[in-house]
Amino acid sequence: MSLAVEHDDLVTFRRDLHRHPEPAWCEFYTTARIVSELETRDVDEIHYGPGILGSERMNVPDDDELAEWFERAKDAGAREDILAELEGGYTGAVAVIRRGDGPVVGLRVDIDALPIQEADAEHAPAEGDFRSGNEGWMHACGHDAHATFGLGAIDEILESDFEGTLKVFFQPGEEQIVGGEPMADSELIDDVEYLIASHVGLDHPTGEVVAGVDGFLAVSHFLAEFSGEPSHAGGHPEEGRNTVQAMAAAIQNLYAIPRHSDGATRVNAGLVGGGTATNIIPEESFIEGEVRGETTELMQYMNDKAENVLRSAARMHDVEVETERLGRAPSATSDQELVDVVADVARDVTGVDSVLERDQLGGSEDATFLMQAVQDNGGYATYVGIGTDHPGGHHTSTFDVDEESLDIGVELLSKAVLAVAEQRP
Amino acid sequence: MSLAVEHDDLVTFRRDLHRHPEPAWCEFYTTARIVSELETRDVDEIHYGPGILGSERMNVPDDDELAEWFERAKDAGAREDILAELEGGYTGAVAVIRRGDGPVVGLRVDIDALPIQEADAEHAPAEGDFRSGNEGWMHACGHDAHATFGLGAIDEILESDFEGTLKVFFQPGEEQIVGGEPMADSELIDDVEYLIASHVGLDHPTGEVVAGVDGFLAVSHFLAEFSGEPSHAGGHPEEGRNTVQAMAAAIQNLYAIPRHSDGATRVNAGLVGGGTATNIIPEESFIEGEVRGETTELMQYMNDKAENVLRSAARMHDVEVETERLGRAPSATSDQELVDVVADVARDVTGVDSVLERDQLGGSEDATFLMQAVQDNGGYATYVGIGTDHPGGHHTSTFDVDEESLDIGVELLSKAVLAVAEQRP
Amino acid sequence: MSLAVEHDDLVTFRRDLHRHPEPAWCEFYTTARIVSELETRDVDEIHYGPGILGSERMNVPDDDELAEWFERAKDAGAREDILAELEGGYTGAVAVIRRGDGPVVGLRVDIDALPIQEADAEHAPAEGDFRSGNEGWMHACGHDAHATFGLGAIDEILESDFEGTLKVFFQPGEEQIVGGEPMADSELIDDVEYLIASHVGLDHPTGEVVAGVDGFLAVSHFLAEFSGEPSHAGGHPEEGRNTVQAMAAAIQNLYAIPRHSDGATRVNAGLVGGGTATNIIPEESFIEGEVRGETTELMQYMNDKAENVLRSAARMHDVEVETERLGRAPSATSDQELVDVVADVARDVTGVDSVLERDQLGGSEDATFLMQAVQDNGGYATYVGIGTDHPGGHHTSTFDVDEESLDIGVELLSKAVLAVAEQRP
Amino acid sequence: MSLAVEHDDLVTFRRDLHRHPEPAWCEFYTTARIVSELETRDVDEIHYGPGILGSERMNVPDDDELAEWFERAKDAGAREDILAELEGGYTGAVAVIRRGDGPVVGLRVDIDALPIQEADAEHAPAEGDFRSGNEGWMHACGHDAHATFGLGAIDEILESDFEGTLKVFFQPGEEQIVGGEPMADSELIDDVEYLIASHVGLDHPTGEVVAGVDGFLAVSHFLAEFSGEPSHAGGHPEEGRNTVQAMAAAIQNLYAIPRHSDGATRVNAGLVGGGTATNIIPEESFIEGEVRGETTELMQYMNDKAENVLRSAARMHDVEVETERLGRAPSATSDQELVDVVADVARDVTGVDSVLERDQLGGSEDATFLMQAVQDNGGYATYVGIGTDHPGGHHTSTFDVDEESLDIGVELLSKAVLAVAEQRP
């Protein structure tokens, strides 16, 4: 089988997204671009706007930031009629193709970018003239390729004799692990029987495929904001209620949460700050941090302990603390039933020369929310790794995808959809 | 004026007490010895037993320890009829002399000893054969001399034309600041119009007198006991509730209680411990500590903060904590009215060659409870320093008093009582 | 005596400065304005530029910030020939009047402002149309009045029969305690025999004067910058070197530096921060803090302890730390010889109805460097408080000076200079 | 096959050891008893005394404690000629049987007891009159049975047609993980080609055998002793050098050592203490603790971090710290080659009804030193679990072994030795 879609079209689409990297809940240009493409195809339903989310969003940027990205998308030529539906940060889209009586198969791809300044020399996007046009932001984890996988697979399926329903979830906000949860709470996922999520790279070279990735650490991001009372540090230190002391006590004791014998746990106070001036007892401080666990239970163990540490540290220094969950993702496991199918078709995909059954991620991903939703409904899910030669590591300024892997991904995912629909594993 | 009492009698009495140093609430021998002496004199009332205390005692030793000291006193020849009244640790005594219409004047002396091993060479008690007979305990702060001052002053007053009422308070448990509070709560203090407390040494040489000591730091001793749950530190660390982590968090934050602009504060975790073995998550731990302040309010500020730190540290590690007050003393100030009288008579005392009006103690003392009680009733109080050459520092194994200062103390205190009774300052 | 200078001129000058508040080392407009005024008078020497500082400046803003304030001063109409001498942040000025053989008397006033947003309603400057024109900055501690005192006193002296030398030090950078030290190291201070520093307000109302302020806490501001190594907090926490852990350990132990029995001490971690994202082990963090002491020795005790805590906390977490001193000031005491003279003349000043000999500041000031320099050379110094009704507290957005106190300050300082020159106390 | 040894003899020997539980380096009675038994048999070599250890011993009790246990052994009837060789705590023994050209096979059993007070009712040893005769000490982990396994297996092999060399290592000091290391450093281990270590119970019932235990956490026990300087906490807190502050900082940061992505780690401050009295800045304090890791490398990672924390905490509070290693054990893995042999013979052992190939220990053991030594020389090792119904858990006062398992252990181990010698796996 050769692809119905042209390599050049995949490249063109991916590069356009690459030029317009956007953060969580601000993927206005990206969503509008995807939707406008879908409208030119024989797709049965295109969902976007608030309706694709089934629960509250976390960590939505403030109105000013949303407005800024909205305007930027408009200036970049995004269709205003589509943008209008996304206002307030309701980004992402779901495409549905209905063809006969077969099972409901889902693909999940993510579409957001990272706050990284892209390299401007000795870097393919710079040389190929598709470097990020949004200063300080970059598709440094390949989500531009992921969206291309999604669109390309739709094109392949449309040209095929597919029997069943295909749902492609273009998920926003993965980098901040905020998009997966509300999308998994949507009704759109309810009838999905098989879900394939995918990711490029992950230190696998072009031509290598992992049929079932595991080892997702469940994760929860939190923001703790302490508020106390300022006073003059020389004149009346006792009149202050010192949030920096509370913050320091919290940090020390967060890292000291007991290790758990059931498996790996993590904790990090990744971004902290407080106070205003050397001579003022600090009135405000904050910790933006995360906890993780090898299982969702272990993450929850860490989360409960962390909340208690934060509350107790505040009490200890007679200050208040408010904690807010910024984002989260559970753990998940790829089902062997789907892993077998994917591994099987992978061996026939042009350009694939190595197929691994399983590998460990060792990080976190909120595709796990969608995987879990499908599995909870009795369905199967797998997370597929599609190798790509990447010059710099993920989340670095020199990351890039080898565009040969675009064709591999499209062929692999579309073939897997077809095989699943036929075999109902 | 020369003394009515003989120097040798003072020395004999002091040395007998020196041979029998006893801790707080265990001054059985000492009290019995004092009471039996008083019974040979023309004293109007001798109070001892539970009746001399007006409120609950803190930090009473357990029954075994009380019984051990009780037996030791009996073995040392203490009168059993007196001992019977002291059972349960009701030590201390109050002597009352009533002579006509004058004012009620009080003297306060303390009688307990310290857990220090006395030097056994190049030390007057060793050479003079009156070294401590109770291993590990020692009159290392001169309370043997204080009791001698009290008895000697009674003898002088009995020989004088004193008009008024003299009450001499032989207070137990000063070293642990436990005796002052219940004695100050007794009715015996209620009619005292003038109170003179006294102490030997304080780095003043024999012949120097301080008429009014100030600078008492108010103090509170506490015991915090943490209890959690043990577990195997290798196999199931998460099943433990770790009291050593709580204790460590508490210690760090106790010392970090904000300084206060109203004056000096102190905090100390002086004796701590916890756990049982390297491989067990520690189930029990404790902090025995203290807070102090230049004023009683400052001590209370520290105490409130400390309690909050202890409670919050326990919560932070999901363990329980019980705090108990072990002893305390307020701050106090010597009244100028009495300071003037004492300074005045001091200049006429044989052997006195230097009289200071005021000096700072910089430590704590629970005579302050009695001083405060008198002052609260509209009376006056002062704390008098009676110099003595002491080879080693207070609370060290080579401390001793120059016995010449016994005569000075007796003369000074008795003359002061007489002057106060006459002048009603 | 009535003033030679007009009240309206004082007000006009003060309000012009009030409109142009500037931070330490950026007092370009202010200095240029002062120098241009001095040039219209019969002043013997006007010093400005690098020559008025005798040692390195600390905490100089970076070139961009200097350039921004420089341009702003130019735009506001500051004389460019004067500005040229101030380039690089060499602000401040010293005026010298030489009249005959009398002693050398110094006045010290400071000229910088604070990073506070001025109130824009129910506030005299807003209503009188002289509110701060530099957003976010404000003369919230009356240094506009201080500079007016200096210029007004010069005018008075020029009209008087003063015999001696008057040096007026217009000191930059007091709020960050950076200007006093290098100015005190200059040769200009060497021959000063009497120094009078002054401050408005300090919670004293208009008409009240304090002839000798004491109770300066010696202070040192520091910046500690920790640098470690980032790593992915989920994937490889052990590969990071965590500066936030080091920072937290340092904060906890800074506040826990033992109290000192010689007097009051202070410590504050007033502004802290670190890290970049929840999922990255934090590579960088910092503490901007301060230590203080009732004496310079106590401040030094705290400073030595703090440096050791910072270094050890860094080692504990295998990270590096660089500490930098941002500013400092010693303690100082007003000499009774000068206090007497000032108190004496104050009673004759129009509008003064209350003269206090002494009061305690309870804060810090780097005028103490100049006071100490004069005292070290055998001279005398005092720090004078000139009351003013101020609606809001010092360092708040509603602070303001009662302009009646401008006349009082000018008359008091000039009369004091004359009295000192005559009496050579 | 039925056993050559009598069940009653096994029981008698085990109960005799049970009556005489002894701690590490004090197994005088136990060793003498074993050696005197060996001397009655046709054993080729019996090694005991200093010669069986190849390196320094850690955590040897002080002379008084050694002498006390030595005397107790003598009083209990231990042979004095054997005891004489053990003086100074050189306990343990190695028996060697040489029979022809076969391979060198080792058995390792341990012989020490625990500081636990044995139950005195509803407990087989109490009822059977073989309860611990050493108050406060107890064979609460079945090492009495282990020694019986060793002696019984010797008896079986002596009766068999074994061809090869058998070495039985009666190892002292396992509970404190101090005996394994020096025994593994001895030349006696050098020629061992196959090593079988064994343990009763481990939550497996009588009749169940685990052929290869894994999951040993590498461990290191340490003692950190802090020394500073005392001072009066009220009078001169600044003159002290506070070891309790150092200890608390160390504890907080020990528990906060970063988790490692390579596997499980542990840390515990299991026994801590410091100071003398509420009002004294604490001069001395200590932490007795441990670190563990899923691999020896992970344990070493924790150990290096812990040492740095301890050193830095001491520096932070200007005190000294000495750290000492109290004991340690590496991780280890049972070799499949031996696991197969043991599992195979286990199925034929009388009374065995369940054979597990593998199980996880989740704790630590210093048999791993001997296993590793053999493996490093190219040999094979396994750690065998021999189930026993035990009423109370390991390390509790009601632990006991089902004596039926004595026969099972002896048969299993002797058959395994024979099979290994024949098969040379």
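When the chains are written out, they are named A, B, C and D in that same order, and each has its own residue count from 1.
The working rule: a contact is a pair of C-beta atoms (placed from the backbone, for glycine too) under 8 Å apart; a residue touches a chain by one contact, two chains touch by 3 or more.
Everything quoted here is computed from the prediction, not taken from an experiment.
Check C-D against B-C and say which one is joined by more contacting C-beta pairs.
Counting C-beta pairs in contact for C-D and B-C gives the edge to C-D.
Report back the single chain whose CA centre is most distant from the CA centre of chain C.
Computed centres place D farthest from chain C.
Please work out the Cα centroid separation of chain C and chain D, and write it as a whole number of Å.
69
When the C-alpha atoms of chain A and chain C are each averaged to a single point, how far apart are the two points in Å?
52
What whole-number Å value describes the gap between the mean CA coordinates of chain B and chain C?
That gives a centre separation of 50 Å.
Which residue numbers or ranges of chain C touch two or more of the other chains?
In chain C, residues 235, 237, 245, 249, 252-253, 255-256, 258-259, 261, 266, 281, 362 touch at least two other chains, as defined above.
Which of the residues in chain C end up touching chain D in this complex?
235-238, 240, 242, 245, 249, 252-253, 256, 258-262, 281, 301, 308-309, 311-313, 315-318
In their shared complex, at which residues does chain A touch chain C?
These residues of chain A touch chain C: 217, 219, 221, 232-235, 237, 244-245, 247-249, 251-252, 255, 266, 268-282, 285, 288-290, 292, 326, 362-364.
If we count contacts the way the header does, which residues on chain B are in touch with chain C in the complex?
Touch list, chain B to chain C: 252-253, 255-256, 258-259, 261, 264-267, 362.
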